[in-house]
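Please go over the structures that come below.
Across the two complexes that follow, subunit A remains constant while its partner is subunit B and subsequently subunit C.
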Partner chain A sequence: MNTHKILIIGAGPAGLETAHQLKSLGLTPIIIERSDKIGGHLAQWDRLFPSSDNAEELLERLKEQVKDVEIKLNSRINHIEKEGDIFHVTLSNNKTYDVSAIVVCTGFDLFKAEKKQEYGYGIYNNVITNAELEKYFKTHQDERIDEPKRIGFVHCVGSRDVKVNNTYCSKVCCATALKQACEIKDEFPDADVYCFYMDLRMFGKGYEDLYLKAQKDFDIKCVRGRVCEVSENIEGKLVIKAEDTLLGTPMKMTLDLLVLMCGMEKAEGVERIQNMLNIKSNSDGFIESRDIFTGLNLTKERGVFVAGACTSPKTLPETLAEARSAAIEVFKYLSIEL
Partner chain B sequence: MRPLFDPFVLPFVISMTFVLLYCIIGMIRIVFQLPKEDRRKFLRSLIYPKSALKNFRDLVNDCLLHTKIWKRKPLLGYMHMSIALGWFMIIIVGHFESIAFSPLRGLEVPFMPKLMSNLYLPIFFRYFAIEDLSLKAQIFSFLMDFFLLMIISGIFIAVVKKKKPRKVGLKRVTKFGIKEDLVRLSLWTIFPLRFLAESSMANIAGGSFFTKYLGFELLFGGNYNETLSMIFWWLYSIDLAIFMTLLPFSRYMHIPAEALLILLRNAGLKTTEPRKGYALAEIYSCPSCGMCIDVCPMSEVKDNYKNTAVYFIRNIRKGKRRRDVKAMTEKCLMCGKCIEVCPLGIESLDIKIAQRNKTYYKIKSDFEYLKSQQDYKTTRPQDKAHSPETQQLSNSATQQLSNSATLYFAGCMSHLTPTITRSMKKIFEIAKENYEFLDAEGSICCGRPMMLTGKVNEAKALIDKNTELIKNSGAKRLILSCPICYKVFKEEYNLEGIEILHHTQYINELIENDKLEIDRDDKRYVYHDPCELGRAFDIYDEPRNIIDNIGLLTPGKSDKDMAVCCGGSIGSLTMTLEERDEITKNSIKDLMHNNPDEIVTACPLCLKTFARLAPVKVRDIAEIVANTIN
Partner chain C sequence: MIDFGFSISKSSHIKMDDVDLKLFNKLEALNPDIKTCMACGLCTATCTAGKFTDVSFRQIILMLQRGKEKEAVEKVKKCMMCGKCMLVCSRGINTRNILLSITRIYNEQNI
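So, the complex of A and B:
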């Protein structure tokens, strides 16, 4: 069995966990990663919802598990050729591998906030994204965040929005927004924090508690309605227009900081890999699984598996669970079918 | 000389009398339906020498020569000209010929009033004439043959057009019912029958190269058969009768109606009612040629071609119930391309707006807030409410903007595309313009969306309030960023003494006056003409001149007046996002024809619409300029 090599594309949580499980099943996984570090989006994050666990600790655990696994950083796939059941993979450094299976763990990209020009990201200084706020929590270095008195969070930026062609829910932003709202309130106790949401989808264990805690303990004000327009006044403060749909009234507000909760989108460059592996996209643009019940980790192409947020937006626990199930699918495929 | 009457003329005489009476009564009806003021204007325009001259010129150009069609599709132009001008000349020359060569013309014919014989003699002259070999007669018969040949050549093209529309440069043509087919068949056969009838007795009546030598000698082999000849004359007359009788109920009504439309239009009239007066003249003038089908951006989605102008007008004309017309009326994007290609220049958008005005909406507009709206809050810092608690639109006291002669009005759409407002601020700053940002803190709508839904009175409320505010400011210039606002400001506002400019015009002026120092780049730009700037106001050169100063301007596939609507237009009330996407993709394909690096436009709505689906960066012209100056 251990003569089989498995290529894992992407060294995010899904890739790391799949590799760990495959290794413990006695196989030889190889991870390739296009960037220069391990961890994907998890490496950018400070704390995780719902219970504010430390992201770095989790990442260290995942890294520890794969310390015997070959990880190729700064590597891209140049070419894949399938011969029988063997994939001949050529990397950007011209190194070649012959592998028996491929697990695609390419994850997601955050929605590019500048696409929603009306929110003013990239135009007004005090509009930032959820990822930038997380980076601030990690480093405490961002000159845009300077003792803000009023902070707004806009949910569903690039999610559930036909106007940017993303009709799906990104799943994690509601909880992330409330987590970040509590954290920033913790940092600036005098600040007023507003969350502008369409629906609050607090579906997981501990999420609803987070929602209640945010309101009760942190005095976060949740406003049901979308922000329609952001502008800047002469003092450089943000002026937003929104509607409170529960009160049925339009509102205008001056803010010092606006955080855009960018949703998940298909990762850039995945299409190239999809073309090489001959696997299709689903209607949301993510990679299509064979079916959503029993074939979640399978694709229409023999020997090609998927795990994590490359098939649809997912929370971290879901991604890790899926990575483990992908390892079983690969094991099954190699031991029974081959 | 034969007797000057034969029973075969009767079908023609009767039908011709009918059609003349019908047209005269129809014309009087239309003129009486006009609002009083319009009627006076119209009658006055008929007398004034200047407008009378223009009427004459337009009638010749549009009704006879069809110069507009020539410009777009020469072959179709020839087809229309040959039939219209040829027929007209045959009638005119025929009258002169019958006056010159029938000594009995003007004499009483038994049972026939003089007027009647004058009606048919020129049409059936060859039947009553005897060959005359004098030079004068030969010239006449040559001319008659020449024009007959011209018409028949036109009809030949018409037959080709029907069978193979692509040969004459059309993709889709209008679909017709059986009645229209019958009328068309009768029209197509009139002149071949006339040719056969005249040729069959050219040895007696005479003729020229066409009827005598080609027709009589070659076709009939030089033999005269009285029965056969009579059959052709009867057929000719009956065919004319069929055509004339059905004409008022067919699309060929455009022949007489167009003449009236030209006169009404030259009098400066506009549509106010969708089925009365001026609109009626336009509706009857529609020849259902279908030129608007191919260019209509809606045709991108297969079933939507049924909503194009030609079908809309046909349904209005048929008197279809309001419900059927309503859907067609509300679908239109109001991009105006159909008007641009319409050989008759029928302003179908005005009819649609008038028709939209007929729709009753349950929603009642409430304009109470306008009363409390004081002059716009200006951007002066001392007027700012310092409390961040201001949660409502603030009303500052009335004040004169005495020290600035220029106002900038961004409009609601530009507020959703802050790159535009930010770029304009930078441009104003660098050009050292003394300006006030009129709607920095929110504004009253320009009124155009209301106009487009046909709610003219409601739009008026907004327009009046805005007019008052702008006039109070004492400004001399008003600069707009949104073509949607621009159109309504130009057409519906009465801002005498205030120059209204779109920012493309303003920036172009700055460049021409060397107020901006531009760092050129080597990018290839394509410019998309917004409907409400291009087709509506012919602002084509200013933006192109600006881009020429920045980078390389590459043309799209269809430019300027043929530019394709971006699909985002607020003109359509019912179009779905999916349908709009198809239009947007088509428009982008058109723009990407020469593989530009960037798409440039000058309308916030076009910008937002394209940005969703374009493969390259889309920017407003103001942003491009702002990024290249320092």
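So, the complex of A and C:
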């Protein structure tokens, strides 16, 4: 059994957890990662919803679990050839591996906020993204965040929007917005913080508590209406327009800082890997699982598995759970089917 | 009978049992995308006429479905047909066409 090598594409939470589980099952996982560091988006995050747990601590735990696993950073796949049930994989450094299974853990990209030009990202200085705010919480260095008195969060940026061809819900932005709203309020207690939402999808354990905490303890004000446009007034402040749909009235508001909750999109460059592995995309552009009930980690291609947000937007606990189930699927495949 | 000065207020309930959706169903058959509204409010937020009047595409559609046809048709009259709502709609609804359909269908019935 332990002669079997398994290639894991991506060193984010899904890849790390899959590798850890495969290793515990006595197999030999190899992780390849195109960037120069481990952790994916988790490495960019400061705290995690719903309870503001430390992201770095979680990443350290995940890293600790794979300390005996071979991880190739700055590596891309050049070529994959399947011979029987063996995949011959050639990396960008021309190193080759013969593996019995491949687990795709390529995750997601955050929606590029500049695509929604009406929100003024990259045009107006005080429009930032959720990822940039998270970076600020980590480093406290961002000159755009300068004692803001009024802060707005726009939910569903690049999600549930036919105009950018992303009709799905990104699932994590509602909770992230309220988490970040509480955190920035904590930092600037005199600021008024508004969240512009369409639906607050607080579906997970502790999310509704977070919503209640945001209202009760942090005085976060939620407005039901999608922001339609952002402009700048003569003083350089942001002016946003939305409808307060519960009141049925259009509204205008001046803000010092606007945070765009960018949703999840399929990761760039994954199509190339999909073509090499002969696996298709689903209707949202993510990788298609064999079936969403009993074959979530499987693809239509024998020996090719998937885990995490490469198949659809997912929370971290879901991603990690899926990584563990992927490891079982791989184990089952290698011990029974091969 | 002695008049004590009391009267019964008219109910403000929408009586869904009495709402006749015949015309709305006709409108819907012509414009199936009308069903996909998720009430995000973009159409109303961006509406130039809505800044000065009570026109709101989102509300018009809802009113027609709740039997408030007269009020809805009154609102439609304030639309300037600029089409901005069509540009912003998250669901890609052909709002302009729907407004024209409303005018046609409901005007035929003198509503």
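In the analysis below, the second predicted complex is superposed on the first by the 338 of 338 C-alpha atoms of A that agree within 3 Å, B and C clash if a C-alpha of one lies under 4 Å from a C-alpha of the other, contacts with A are read in each partner's own complex, and residues count from 1 in each chain.
We adopt the following convention: a residue touches a chain if its C-beta (ideal position, glycine included) is under 8 Å from a C-beta of that chain, and two chains touch if they have at least 3 such contacts.
All of these numbers come straight from a predicted model, not from anything done at the bench.
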- Mind checking subunit B and subunit C on superposed subunit A, clash or fit? clash
- Message: Per the contact definition in the header, classify A:I123: touching subunit B only (first), subunit C only (second), both, or neither.
- Response: first
- Who does A:D53 touch here: subunit B (first), subunit C (second), both, or neither? neither
- Task: Could you let me know whether more residues of subunit A are touched by subunit B or by subunit C?
- Result: B
- Query: Does the superposition put A:E81 against subunit B (first), subunit C (second), both, or neither?
  - Reply: neither
- Query: Thinking of the overlay built on chain A, is A:D98 touched by subunit B (first), by subunit C (second), by both, or by neither?
  - Reply: neither
- Query: Should A:K163 be classified as contacting the first partner (subunit B), the second (subunit C), both, or neither?
  - Reply: both
- Query: Should A:M253 be classified as contacting the first partner (subunit B), the second (subunit C), both, or neither?
  - Reply: first
- Message: Is A:E229 touching anything from subunit B or subunit C once the two structures are fitted on A? First, second, both or neither.
- Response: both
- Message: Quick check for you: in the superposed arrangement, does A:K115 touch first (subunit B), second (subunit C), both or neither?
- Response: first
- Of the partners subunit B and subunit C, which touch A:T245 in the superposed model: first, second, both, neither? second
- Item | Intersection of the subunit A residues that touch subunit B with those that touch subunit C | 118, 162-163, 228-229, 241, 251
- Any idea which subunit A residues touch subunit B in the complex? 115, 117-118, 120, 123-124, 149-150, 162-165, 228-235, 237, 239, 241, 251-254
- Task: Note which residues of subunit C are touching subunit A in the complex, please.
- Result: 38-47, 50-51, 56, 58-59, 88-92
- Message: Using the touch definition from the top, list the residues of subunit B that touch subunit A in their complex.
- Response: 379, 381, 384, 388, 390-393, 415-419, 421-422, 440-442, 577, 608, 611-613
- Touching subunit C in the complex, subunit A uses residues 118, 160-163, 198, 224-229, 241-245, 248, 250-251
